[in-house]
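Two complexes, one shared chain (subunit A), two partners (subunit B, subunit C).
For the complex of A and B:
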């Protein structure tokens, strides 16, 4: 009998800076401001990872799933051949409407960039797959590529949105992809990374995304092993071995597949303590007890602050005992989330309100009118 | 026939100290000590000594030492003293050697080869004295997905959730039947579990009627192959029902409570005549397949109006993971697995010492199997058999258990010294006996206090270790093998445990 390989967890650990800006009227703006804001938290990163998620950047292709792919390898030929392998898979399972290499600036020096390609696709479901929803189909295919196809990695797969990330300081990555010139989005989230124990890999940078959900995260999840196996039972392959990936998948499972609103999701990821639950009125107590009982394995334990991006929404959440705080602010239609208030002030010196949300309490920014982006 | 087995223990009495109070004589149920009025001295018969240390602890003058005998056979790595003596005993009696307690052989104890993690810098450790630290645990089947309804800010859970048990610490008292243990010991376990907010298990000997109203809510009642003491009220007064298929100390073997232990009260509770042997057959005579088990599970759910989780307890044997997976599919809400080191009131020594697998490996194999099959949510795992300390328990949880059962540890808390004479019914500590003179020695109030103290101490230690790992709720450690590393283990062992080696 063949020996089953021992399952080894290689979790990485990092400290980070996160920032998010959203225009709730749906007006789009370039990445210039957020690049400046994240640069202000330079010392919170160490140049080993930076990335952006931008919503509303592909209005002309808004009905198609935009796949961002990384092809890695030791040489340009190796990267090309990884792409050829992937293309064959893609053409079999998707209708590709258009594709191009994601433009980058050669003036910015980054270390060992992979070949980064963009595809706009529609699912071509065959046989039994016809029973899957488009989104479930995409998730299945993304998991397949990321676990089975060597040297190819899907790091963005939503509609009218995209992630840009790599090894470097976030402001450098922004310039590399020319986010201040080429793209306008109504929501930007950004991440500067300080990994403490892994070799730099482009795919390991934040944001982590699946479909339209992106997550940037600061902290370490000590419940990783528990969260991971729970998600694996639902078909999420945790390939990147970072905490953030499990948050992205948990959000997908709860918010997309089970349509649970963020207020409740927050009570699953960062539930109140039993002492508080026991003091609530009967109805609330029953609800929260049931949530903790059923979803105990999705409790994210340990310090974290995250910004979740979704179509039309930007959400901030911290762990239940607020070991990693986050600052929220508004100015007119602008809504900001940041690891540090100073970064918000840098790009918007005058603010209508600034506050530090309680542990486990989500702050949600929503578009005033969803139609502006759909 | 003259026995060729020499005494196991040697009793040394310091005659200078001894005050001839005859305390030791009264304490020993095995009749080891006798008073000789002629010499005004106490005489001890080493042959009778069980090594339970009762007289040592109760001698007011600290005059007695009981130690392993100095005599020995010529050392022989193959023919150990135990092997030679067991053989001699059998040559003298022609019978099966019976014993009590759990397997005492030097099989590898994996707990002692696993180390825990702690936070440094990137993830703050949490101080349980200042911050909340939660051990509350729910046992039962969880739905895969929940249907939640939202109407105008009002949230309602539409999925019907199966019944659950709630415990304030993931430590439950293992099955020990009234009959095997004394009434006082049984009642102490019940009282302690009630006081602490956890559960005790009645074992297969029923639940005395007068205890039902008060302690039913903290009882897991067993349905075993002998079907002793079962009626509708028994099932319905309890928190949960457990079908006992196997026991770690004696997988594949039934139970035998000798008639001498079946007193009036034991007989009433078991619903059998006084003084008759209570024999539990090896298999349930209505379970010869997984389908039969499924029918029994559902019959019990039907009998309890689907209000109580049903647990199935099996011994950890070679294919434990596959068997347990079948049991989950058969409808069990909880799987209790009992490992190689699980204790017993009486078992054939050959079985106790040679059948089954260590619980550490069984927990991990079962947890991984259920995850791979995507059905881990559908049941809770309660691990039993050889948990000796809070660190064993926390490791069991990190390997995938939801909670643990402690049996031997609870007995030790009440005074047991693991003398392995439970099968004689003469337990000097008042635990494994129905002799009123002996069982009366166990003061329920004190025993209860000792048990709650133990739960308290272990829970605190678990909190400290959890906090060290940067975790503040026990559910975040369940199956979280990240926090474990192995030391001195072979590759295949690390594989089964699903953990890395230290330093990896």
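For the complex of A and C:
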């Protein structure tokens, strides 16, 4: 008798998928390979979110901040009206060098896409704002838009980089934005999503980003509430309804504003447990104890594997007891991070080295020469 | 013996496993799978409903997906390459040989059969491995593992050979362990091992087990040219739970 498929058989059992590819010589490549790689982990997602971060895609506008905006709403009119509201705000606070609708393919069917627009801007600081650095000014403005302007969301705000994301499988989102044809980047990070606790919407897809930092994440941050309250004290407003947002802001606070190196940041986000600290020598014990006291509220509790993208850098990190997988690999100047090794092998069958990093220990890929992208 | 070769390029997990099942029921005894790339559960669905237990050989080139050989019942799998997470998950019987490394939770809840891994393995190797009467799983690893080796282990035999004189740096070994035995060739500090685990030198019976399974490991990887006496000459330590019911007092 042929097997009869019952509903239960088709139940979506999934996890997230994350993937990253970087050329450490700064040579740029299209999104075709990473789209293929993430599609190979199709079963880890469920079509409710997918997104990409790409570094080095706007060389002709590299001195300007590239804002990617989503205008949401129930009708085309509502979306356009959100854009009008945002444009008025933008013209008051920025010099807009150029803007266009982010091209998309109408052949790809996606659910309820927002109006997605791109602006290249320079800050126009007024009065006391002159005291802020350009970057602090951008953060302040992004937070203002995301909390105060109805239906407008800045989801990408760095220089010479950009995020592309939405509701769907990542390979479909990649085709929707034609990332295999229109853009070349030296680093791509990608995410296929299973929304753990929250509703799927375009803004809630990964990557989460602020300035040049982006984060894609597999797992669940159960300390979200504590992290969020701590970050609010520093002016970060969590508006995107998903836990991963706090990691992006924590990385911005620690690495950009406080200039802490990633090796220490990893010990803040994923500190060794007290048991392990007890066994360390006095100097290390003092450092780790101090970090846990000062930055206790930035400890990311719960399982996670993340890929952090930054200008010239791609970083992989898992929680301290590695409750989510990550595999790292190199081939020549290429550096890869992935939830599964098979996806790396699909686009680079031969690898120089492949390994699984220890929990809480960052793996960092850096450009050999920063000047190639600045 | 009928052999079928399948090029797995672009075939989904579901289609590949359906094909293996149909071919096996038609009498195929050996599969050669080429270009495997991420397809999961290979070996899982190969069972017969009429009560007899078919046995097939599966030879895999490429990188099979997670849960290779999950629930597997009696087949033999050889992988020319690395494997991902969850290999041998709740495996019942059979053998998996990997000419490479393995990811996390290798042999999770494994209850029978044998797994031989040439290189290193990830976190939580042999997580909650178990045994019952004559069902006793065996896992031999050529290199070493990452943290939480033998977590909640309830039975079975795990052997780490530390070939290439690799140091064993993993911590939290045997956390929650209450059955089975782990043999490690090389040094492990007491602080790397959970409190409920007893560290001792292998006795005569243990040496017999090591002789047998190290021998089988070497036979599984003839190309390595390993010398059994050389390997067995090294220092081994034995890890076993102090109590089979570590939490009995807590609830008494």
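Throughout what follows, the second predicted complex is superposed on the first by the 355 of 374 C-alpha atoms of A that agree within 3 Å, B and C clash if a C-alpha of one lies under 4 Å from a C-alpha of the other, contacts with A are read in each partner's own complex, and residues count from 1 in each chain.
Note that in this section a contact is a pair of C-beta atoms (placed from the backbone, for glycine too) under 8 Å apart; a residue touches a chain by one contact, two chains touch by 3 or more.
No experiment lies behind these values; they were computed from the predicted model shown.
Undergrad: If we overlay the two complexes on their shared chain A, which of subunit B and subunit C does A:354 touch? Say first, second, both or neither.
TA: Only subunit C; A:354 stays clear of subunit B.
Undergrad: For A:346, is the partner it touches subunit B (first), subunit C (second), both, or none of the two (neither)?
TA: Only subunit C; A:346 stays clear of subunit B.
Undergrad: Is it subunit B or subunit C that touches the larger share of residues in subunit A?
TA: When the residues of subunit A touched by each partner are counted, B comes out ahead.
Undergrad: Using the touch definition from the top, say if A:59 reaches subunit B (first), subunit C (second), both or neither.
TA: Touch status of A:59: no partner.
Undergrad: Would you check which partner chain A:279 touches, where first means subunit B only, second means subunit C only, and both and neither mean what they say?
TA: After superposition on chain A, A:279 lies in contact with subunit C alone.
Undergrad: Give one of first, second, both or neither to describe whether A:76 is in contact with subunit B, with subunit C, with both, or with none.
TA: In the superposed model, A:76 contacts neither subunit B nor subunit C.
Undergrad: One more residue to check, A:40. First (subunit B), second (subunit C), both or neither?
TA: Touch partner of A:40: subunit C, not subunit B.
Undergrad: So in the superposed three-chain picture, is A:103 touching just subunit B, just subunit C, both, or none of them (first/second/both/neither)?
TA: Touch partners of A:103: none, neither subunit B nor subunit C.
Undergrad: Just to be sure I read the superposition right, which of the two partners does A:321 touch: subunit B = first, subunit C = second, or both, or neither?
TA: Touch partners of A:321: subunit B and subunit C.
Undergrad: So which positions on subunit A get touched by both subunit B and subunit C?
TA: Overlap of subunit B and subunit C footprints on subunit A: residues 321.
Undergrad: Quick check on the complex: what are the subunit A residues that touch subunit C?
TA: That would be residues 40-41, 43, 276, 279, 321-322, 325, 327, 340-343, 345-346, 354, 356, 358-359 of subunit A.
Undergrad: Give every residue of subunit A touching subunit B within the complex, in rising order.
TA: 3-9, 11, 13-15, 196, 219-220, 222-226, 229-230, 232-234, 257-258, 260-261, 264, 273-275, 287, 290, 292-297, 299, 301-303, 320-321, 323
Undergrad: Show which residues of subunit C lie in contact with subunit A when the two form their complex.
TA: 13, 37-38, 40, 62-66, 82, 84-85, 101, 103-104, 122-123, 146-148, 171-172, 191
Undergrad: Please output the residues of subunit B touching subunit A within their complex, sorted ascending.
TA: Interface residues on subunit B, with respect to subunit A: 119, 121-124, 126, 131-132, 134, 136, 138, 142-146, 148, 150, 155, 157, 161, 164, 368, 371, 374, 376-377, 469-473, 475-483, 491-492, 494-495, 498, 500, 504.
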